[in-house]
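Next up, some structures in structure tokens.
Here come two complexes built around chain A, the first alongside chain B, the second alongside chain C.
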Partner chain A sequence: MKGIAKWLHERNLFPYALLVPVLIFFIVWNILPLLWMVGLSFYKYDITTGEPLKFLGMDNYQAIFRDHGIWQALSKTFLFVILAVGLETILGMALGFLFWGSSKMPGRRLALTLLFSPMILTPVAAGTFFRLIYDPVFGIANYYLEAWFGLKINFLGDVKWAYPAVLMVDIWMWTPFMILMTLAALGSVPKAELEAAQVDRLPWIRRLWHIVLPHGKFILMLGILLRTIDAFKTMDLIYTMTSGGPGNATELIAISLFRKAFEAFTMGNASALAIISLLIAIAFTSIYLYILNYKERRA
Partner chain B sequence: MAKSVRQSLYYVLLWLISIAFFLPVLWIFLAAFKTKEQILAIPPKWIFTPTFENISNMFSGMNFEKYAVNSVIISLSAVVIAIIVSFFASYSFSRYKPKGTDFLMFLLLSMRMVPGAAVVVPIYLMYTALGWKDTYYGIILLYAMFSIPFSVWILKGFIDGVSLRYDETALVNGGSRMHVMFRVILPQVKPGLVAAFIFNIIFVWNEFLFNFIIGGKKVTTIPVALATGLYKTHGVDWTFIASLSLVYMLPLILMIYFFQRYLLVGMTFGTVRGEV
Partner chain C sequence: MKSRSLSVILTLVLLLTMILSACSGNKSNNDSSSTSSSSSGSTASSGSSAASSGGEGGSSSLAGKKIEMSILGIGGWVPSQLSVEMSPAFAEYAKEKYGYDVTFTFEEAPFSSLFQKAAASLSTKSQEFNIIISDSQWLGAFAEPGWIVSVNEIMQQEPELANIEWFDPVVQKAYMTYPDGTDQLWGFPQEGDVLVLYVRKDMLSDPTEQANFKAKYGFDLPQTFEDFEQLTIDKFLKMAEFFTRPEQDLYGTAVQYSKEYDYFTGSFYPHIWSSGGEIWDPVSGDVYGVLNTENNAKALETFVSIRNYMPPGAENYGIAQVTEAFTQGKLFSAYHWAAVGAAMITPELQDKVMVVPIPGYEVNGEIKRISSIGGQPWVINKFNDEDHMRVAIDFLKWWYLPETQLEFAKRGGNPTTKAALESPDFDSIQPWFRAYRYSLTESRARDFWHHPKYSELLSIQQEEFTSYLTGGRSSAAETLEVIACKQQQIMYDAGTTKNAPPAACANIR
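Presenting the complex of A and B:
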């Protein structure tokens, strides 16, 4: 082992040798499947029929652009991402600020463990159990709604209610994450500057704007970026709750993709859709990174 | 005096918020100790005599042990492999800064941007073609791949924080590069290793889609067992879901209780080192 390292070192290859394992992972599990997928997206390929591959050119893409259901799923997904990430960020930041001064709170560690518990819950378990919580007959949500407000709502069975109902579950699961990120952002603000602001009796809104945000914005943006990516990918939580229904009220793009691939087994079509969603995800991320860099360049 | 009252009220408020977020989880946990009738009872039962039958049934029935062992083996080996590989790469990125470091770091992050449902199609086709479906190495290496990007980001942040002088001193004293990496740097980035471990294990432990599609009888983990074992002859088997969720979640809850500090470090890629 030592001999090899020395040999590599003499030839200035050591730094590259250290990267080899990661690059192998990257090539085998990312580049190869990606190329495979790009290729397939030009073919008709149904696993179940056993027909040979048939070259279609751009037909799969054209079919997707003409597919009304896909456009609906996309707009539902965008709305979901905007609402979920937006509300989680607002709520998470507000609660994060609230928790800021709590370092001497009794039992703080336990309280935070309880607070963070939703985000480590297996999405499959959460989704399934919320079916019971939302159940119109046996569900606890409806019991208290009726007892306190005289309302009865078939959350997951009603086309009007299913979408807000799954959105609520996502917000419940991931607001703690934004609280965590807000706490992290606040922790990165230098104490000296905060004390100076205290001495100068700066109003809290200006403290926030001039001291907290400039230091904490990187971490906050990172949190929002990670949430956006994950919200766009949301799949097992909703699939276990509603399978995209009733009708297609909660069918987000990841669920359409899953259905095309593993319920209809039209792999060529699914690949084309996968590539489109991939491009959208990359666009999201690039915009975020651009905004971050732009602000940094100006500062 | 007024100040301490206000302080107490403030703490009570924070506790109430924490408990509010925990309530749905608590509802699942309580169900694990109820009979089927009690779970479906209206009005909801908050106080009841607990039964341990569900949990003992779960341990004796189905292949609980097999699935649990799978979950543990697959999660642990995937994350450990990812961290070892990432440690090499991040040492190289941090100390040698080879050409294209920034670009490669971005590429790594982009590995995680891809929607799971999009990757699973080509991975499924590739695994079917290569005969890697339902194999331990197939699923472990796939999960390792998912765990690499954040591990590299976290560990690079930490190695950057260790002064170059340590490397130089050790090299001058005749230590080899391997010695520097494992005996000098590694002990100093332990918090980074723990953070990377926690961050990734949460994802791998709960992952469902990939195991469901490219796994099979041999490598089934608990989330898949949970999703496929939902139905009994008379509708959904709630006692089973509740007790399985409880047992499966406990290790993660204990982990974020005892390693809370590292959770924060991991979530911010090592940019924040202090307490929450």
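Presenting the complex of A and C:
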């Protein structure tokens, strides 16, 4: 054993050897299934018929590009990502700054703990709660709407309301994450610079722009990036509340994918859609990284 | 730089090789499963083989053994759970008759994901689930890949099972047969079920309501089962309108409009069939021209108009929501499955509910009603070893004993044997049994889509139906046209029909 370690050391291979277990895990559980899925996306594969695989070339991809429903789902998803991540970032940063500047507030810890609790819930549980809260017959939301404003809204059954209703649940659930990222970003700002700004009586907006953001932007952008990818993949939260309905009102791309794979069992077609979704997620990541490194590249 | 380019090329070659090997590996796997599928078309050539474990001799060889059986059933569905609740009785029976000890575990999945759970296990040739309570429409999807045992094969070895008399030929057609119209059997009925109408008897019998209704609509509120046999959809909708009183938090009726699984479809199809329409032509395999008709469009409009008499949020109503609204006293009536009778008639509603056949449609001067078949068959895992196969068969033989079927009925299950349904007191065992027995005949109930492409066909129509319901499609005719085009394409691709969708289908969105 000692001999192997020595041999690895002599050839500067020890760091690579330490990576091997993780790489094996990564290859077996990520890369191989991904490659399998890429392969499958060129075939007709329906597990309910028992028919042999049939090579289709690009047919599955062409079918997806021709599918009006997929384009609708994609546009709904992009809108969902923009609205959810945008509002979560604004609210998260505002609340993050509020908590950062109120370190002596009584009950701060309890308030923070309570504020973070939605993020800890599983999406299925949160979806189930809200399905009941939104219920037009016995839901508490309608109870108070009726009591206070004489209104009854069919949040999840009305095409006009369903989309904003599920969006609101996502914002409720994930704003705490952006608060957390904001607090982490603020924590990364050197105290000396902040104190200097205070001594110079720099207005808060300039303090934010010139001191906080340059130091904390990486963490904030990372938070936005993670939320963007996550919002793009949103499925379980909405599926529990509406199954993508009423009609197609809340059918995001991940729900379409689920329905193709596990309701219609058209695995080849679903694999092609999964690959397209993956490419979109990669594009998102690249755009973020480009923006993040823009200044450094110019310098 | 050179070595970097080389490593990039090598990586690409490696990736390509892996993709190709993944695909070719997949193909060979599937080829082999298809071979077993075709052989399973005529015989149950399982590893253990139903035939080899057949006969009483097989059971006696298990004497002294301890067997653990696993049943996969539908989560939260009383009839599925009853089979496991009753299993200790089988354990006693098996110990006494065959001398072996058996215990049962119950795995469950909701309707919408039961096939997914079963398929994931069966495709690996696992005997994780020895017996599966499937939905009837999945028979083809289980049979084609060769995952379940052919019942014909079992029957050759087990005269007790072969000689069971079913209440009506529709039982064999719905729960046992695939493909439709053949003698190839793949399942045994576990729970029979049809769509029935639950009605608040106490509201119907109220003299003030009776008088007010007569004054408004000019005919009497039906009072008896026989009165409901004569009830048409037009008259029923008037009743639903009469009892819709949002200010009292009371609504006329409820149906299932949910996009989930087959909820919309199962509730809507009776309106097509009862009005004289069809959903496809099983002989030619065509959907286009059969589904997209004026008659069916009108039936869809009628079905969607029922929403006017339902509580807010009707668009998301599935099994649970209808049950909940009814048991909370918010509904005068509800279209629902006979299988949920025990949940619908709570102790508070015990003497206030009557269960009757669904309203009919007047066709050529006669009242026609065809309900949807619900319920589930048992199917047996083809990959069971000999011991588990033997116990599965013994279990089914016990299940169809008259006393077991009677006990199942008393606990709230819907039996399907002639002996049980024709027993003198059958109608009085449960409040819904008379309507169930009345409807469970070939002329009054139908199942749909015993086709391996069921999941794809269903997914399309659930999406389009609910899209029409919520304004995504402008008319019933357009909705049916879109569904017919897409389903015709599926049937054409599957080789079920020789007719490709017409040129007009190229423009559908």
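Methods note: the second predicted complex is superposed on the first by the 288 of 299 C-alpha atoms of A that agree within 3 Å, B and C clash if a C-alpha of one lies under 4 Å from a C-alpha of the other, contacts with A are read in each partner's own complex, and residues count from 1 in each chain.
Here is the rule we use: a residue touches a chain if its C-beta (ideal position, glycine included) is under 8 Å from a C-beta of that chain, and two chains touch if they have at least 3 such contacts.
Since the structure is predicted, the reported quantities are computational estimates derived from the model, not experimental observations.
A.B. asks: Quick one: is A:Phe262 in contact with chain B, with chain C, with both, or with neither? Answer first, second, both or neither.
C.D. replies: In the superposition, A:Phe262 contacts both chain B and chain C.
A.B. asks: Which partner chains sit in contact with A:Ala270 here, chain B, chain C, both or neither? Use first/second/both/neither.
C.D. replies: first
A.B. asks: For A:Leu40 in the superposed arrangement: first (chain B), second (chain C), both or neither?
C.D. replies: In the superposed model, A:Leu40 contacts both chain B and chain C.
A.B. asks: With both structures placed on chain A, which of the two partners, chain B or chain C, ends up touching more residues of chain A?
C.D. replies: B
A.B. asks: Touch check for A:Val137: first (chain B), second (chain C), both, or neither?
C.D. replies: In the superposition, A:Val137 contacts both chain B and chain C.
A.B. asks: Under the stated touch criterion, which partner chain does A:Ser243 make contact with: chain B (first), chain C (second), both, or neither?
C.D. replies: In the superposed model, A:Ser243 contacts chain C only, not chain B.
A.B. asks: Does the superposition put A:Thr182 against chain B (first), chain C (second), both, or neither?
C.D. replies: neither
A.B. asks: Contact-wise, after the overlay, does A:Asn60 reach chain B, chain C, both or neither (first, second, both, neither)?
C.D. replies: A:Asn60: touches no partner chain.
A.B. asks: With the two complexes superposed on chain A, say which partner A:Arg109 touches: chain B (first), chain C (second), both, or neither.
C.D. replies: First partner only.
A.B. asks: Using the superposition on chain A described above, determine whether A:Thr49 touches chain B (first), chain C (second), both, or neither.
C.D. replies: After superposition on chain A, A:Thr49 lies in contact with chain C alone.
A.B. asks: Residues of chain A that sit at the chain B interface in one complex and at the chain C interface in the other, please.
C.D. replies: Overlap of chain B and chain C footprints on chain A: residues 32, 36, 40, 137-138, 262.
A.B. asks: In their shared complex, at which residues does chain C touch chain A?
C.D. replies: 15, 18-20, 22-23, 26-27, 30-31, 33-34, 37, 112-113, 115-116, 119, 123, 140-141, 144-146, 249, 258-260, 311-316, 325, 328, 330, 452-456, 458-460, 463, 466-472, 494, 509
A.B. asks: Where on chain B does chain A make contact in their complex?
C.D. replies: Touching chain A: residues 10-11, 13-15, 17-19, 21-22, 24-25, 27-28, 31, 39-40, 42-44, 85-86, 88-89, 91-93, 95-96, 98, 104, 107-126, 141-142, 144-145, 148, 152, 176-178, 202, 205-206, 208-209, 213, 222-223, 226-227, 230, 236, 238, 241-242, 244-245, 248-249, 252-253, 256-257, 260, 263-264, 267-269, 271-272, 274-276 of chain B.
A.B. asks: Under the definition above, what is the set of chain A residues touching chain C in their complex?
C.D. replies: That would be residues 32, 35-36, 38-40, 42-43, 45-53, 55, 68-69, 135-138, 152, 154, 156-159, 242-249, 259-260, 262-266 of chain A.
A.B. asks: Going by the contact rule set out above, which residues of chain A touch chain B in the complex?
C.D. replies: Residues of chain A touching chain B: 1-2, 5-6, 9, 14-16, 18-19, 21-22, 25-26, 29-30, 32-34, 36-37, 40, 95, 98-99, 101-103, 105-107, 109-126, 128-133, 137-138, 140, 143, 147, 172, 175-177, 180-181, 183-184, 187-188, 218-219, 222-223, 229, 232-233, 235-236, 240, 253-255, 257-258, 261-262, 267, 270-271, 273-275, 277-278, 281-282, 284-285.
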